[in-house]
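Two complexes come next, and they have one chain in common, subunit A, joined by subunit B in the first and subunit C in the second.
Now for the complex of A and B:
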């Protein structure tokens, strides 16, 4: 298992459901818990993943997400069981939509 | 047909949280120890495995048909719904609380292969505590209804727990047994049981077989709404005597009679024929309503 910590600049996101959870720690899947943080213009992410050595891939996926979605003011915790970048992006969008009260 | 399938929300494919969302009265779900307030298993972390915030089980208050109930839902996609120390403690806590607070029922959404082997003795102890807590809740007058229809079924220790509940509601997709098919094949050989033969696995452990054998009180469609209406209907008319040693002895006798009658059979087809089913080979293709009608027409 590997633990990864990241911080990205991101536009503030409005919150409705805090905390929000989506996904399951199953094979090729992950769970994402979104909570409110103290920095309104930043998104902090902590990942625990079963797959070692993919830190740069995580950084790229999360950076792209934090740029394309307003995610500032959140702290995101992820438990991962080998999800692909596409699944990670989908779940992040799902979790953030739920955090804003919408769901997908 | 296509419209009705589109309207259906499969219990088998849903997560534990999605099942609860569709099972309970809307807005009544109130989780105890939600993910943001709990910690993943320390045992899995020691083994370098990622845990889940809720350790694979959701415990909550809720309502069913406006009656207060407690619910416990195992997540089969996380480690096969297996019972570890925290997972087990959450279930035991909920059952003990039910014995004190006496809700109308505990709904136990079982989806588990049994003990989480990574947590060894802690998991085994948890299972035995769950067994005792189920019986204590029932002795306090709270029915515990097992709902079985997930991808992991109810196996190992959780198979025993399911049978200790007041009643079991199962779908055709649900499975119930002690040793899982792969375990039997590994221990006794493929001649004894071919775990790759999915049709055989379902003919021996699946919901239809369990319902025909009288192991499950109700057979429902693989549909969250069907589990909801089944559980509601069931609770409305439910009463049971307090569990007693005499009851357990009678149950034991039934099992011994079953063993004497069917021990030499290799397949559900043979058992169904012995039960009086005229065309046993047609059973796997029957829909839920036709199978219930067939069961009601069987000699007793």
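Now for the complex of A and C:
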């Protein structure tokens, strides 16, 4: 296991369902928990992953997410079992939508 | 000057006569007792012969292959094997046991690693790796077999053969062999007094043997809908909306895989909701994919011609004879050579997947330590310059590629891949493994499956790249990087140039297509399990046991 911590600037996101949970911990998949944090213009992420050595890929995926979505004011916890960036990106979008009230 | 000796013009016929005489002198008639097959093979096969061992993705002449491998290398050696697929352990045994030393083939899937080892040990000489249609073409040119060992469903007493739904390569192999002085030996699953239909006439067949068990058939084209992921659903939505609908693709071929299975399962749901029924996917060159059943039952599909059959699909096919090509007896007749021809000249689109793609769009399924070959993909996945008939999809693609005054159309060749495979192996790479493999094989060319200049579109979870609209190699490269996601080559993109390509519609994101990725759920699949497929078929589809969990 490897634990990674990141912080990204991001526009504030309105919260409705706090916390919001998305995905499952299974091979090639991941679980994402979105909670409210104390910094309204930042998104903090802690990842526990079974795949070691992909810190820079995680940084790129999360940076792209925090830039393209308002995710400020959240703390995101991820339990990963080797999900690809495609799955991570999809789950993050789903989890954030859930946090904002589930409406698509 | 000495007068030259008069030339014999019938050496092949004479050689054939001597082989048949040797067999007759051992007491063999047309029907060979199963326990004497090795005696027959040793009587009619000579050292140095070119031998075609029938076997493709599906049907395998497995008993004849094992029997040939059990022949004495003192009697039979230096064989040159010509065959579609190197799939069975006994195929490789021929080389390891010293019976054969040269191979011309198309595909080696499961034996790829053993084959690579034999090449490195210089125990096998590979003539070339072909597409199926190329190899069949060479059967009638410079690789005509001396002996063909084939598989049939049934034979009658005269030696007429019934091939059943898995006709596959047999007609091409037998025709080349029987009409050029060769010997044709068929293993059959059963002997019948009266065949349901005659697929090969008796005078093209020299010997038949009743195999101890029915020939092996691999259920290669069955994909369990339960394993289709949401990312594959998203990519299928993009392909349908961004390519199938935009070009009005009616005639097509799908490669094997979960990506295209997802498209098949979205036709009755997502595509129907977009009003595309009757406008796309009406005519197919395709194996009978079980995942196509819901689309057929929903009235999307008018016609399917098959390369081979698929385990468990026979009763369903017989009951849908308007859709599939079936004989008067009711069972399907497949034919790989004709279906490949249809895929090359009569389809407007090929869509498939690959393991690696470089920045010129070249793709390869070759990886280090494995020689896998191509099968039919390079044929399907190429723009045929011999095509002359027009269709709306072909013309639209042609105008995009060559401008408004184009004098030709263009086939759509679509590669559909997730940017990473399992274990985070990037699909998009600066250099294909094929180049290193070429060096280790001592081959003349790298084993590239689909050339970049044939590819028209790339679909990934990040979007669609339309390479037809690119006007320079630099634009192509950035269009490919622009859908390569978080792979190293994707992250090395020129962001400004990719945004420019996006403004011009060359790179399109899901949102550019009006697709919300969060709607990409498995609920969109018309069937979410093999059991659902059985239900859609009205109980006619009988999946093999490995796909049953109920």
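FYI, the second predicted complex is superposed on the first by the 102 of 104 C-alpha atoms of A that agree within 3 Å, B and C clash if a C-alpha of one lies under 4 Å from a C-alpha of the other, contacts with A are read in each partner's own complex, and residues count from 1 in each chain.
Simple rule for what comes next: a residue touches a chain if its C-beta (ideal position, glycine included) is under 8 Å from a C-beta of that chain, and two chains touch if they have at least 3 such contacts.
Quick caveat: nothing in here was measured; it's all calculated off a predicted structure.
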On the A-aligned overlay, A:79 touches which partner chain: subunit B = first, subunit C = second, or both, or neither? first
Could you look at A:87 and tell me whether it touches subunit B, subunit C, both or neither (first, second, both, neither)? second
Between subunit B (first) and subunit C (second), which does A:1 come into contact with in this model arrangement: first, second, both, or neither? first
Name the contact category of A:19: first (subunit B only), second (subunit C only), both, or neither. first
Return first, second, both or neither, reflecting whether A:97 touches subunit B, subunit C, both chains, or no partner chain. second
Go through the superposed model and pick first if A:60 touches only subunit B, second if only subunit C, both, or neither. second
Common interface residues of subunit A - those touching subunit B in one complex and subunit C in the other: none
Sites on subunit A touched by subunit C in the complex: 28, 51, 54, 57, 60-61, 64, 82, 84-87, 89-90, 93-94, 97, 104
Subunit C to subunit A touching residues, read off their complex: 229-231, 234, 418-420, 422-424, 460-462, 485-486, 491, 516-520
Subunit A contact footprint on subunit B (complex, rising order): 15, 17, 34-36, 40, 45, 48-53, 56, 75, 77-78
Can you name the residues of subunit A that touch subunit B in the complex? 1, 19, 21, 24-27, 29, 31, 33, 35, 48-50, 77, 79-81
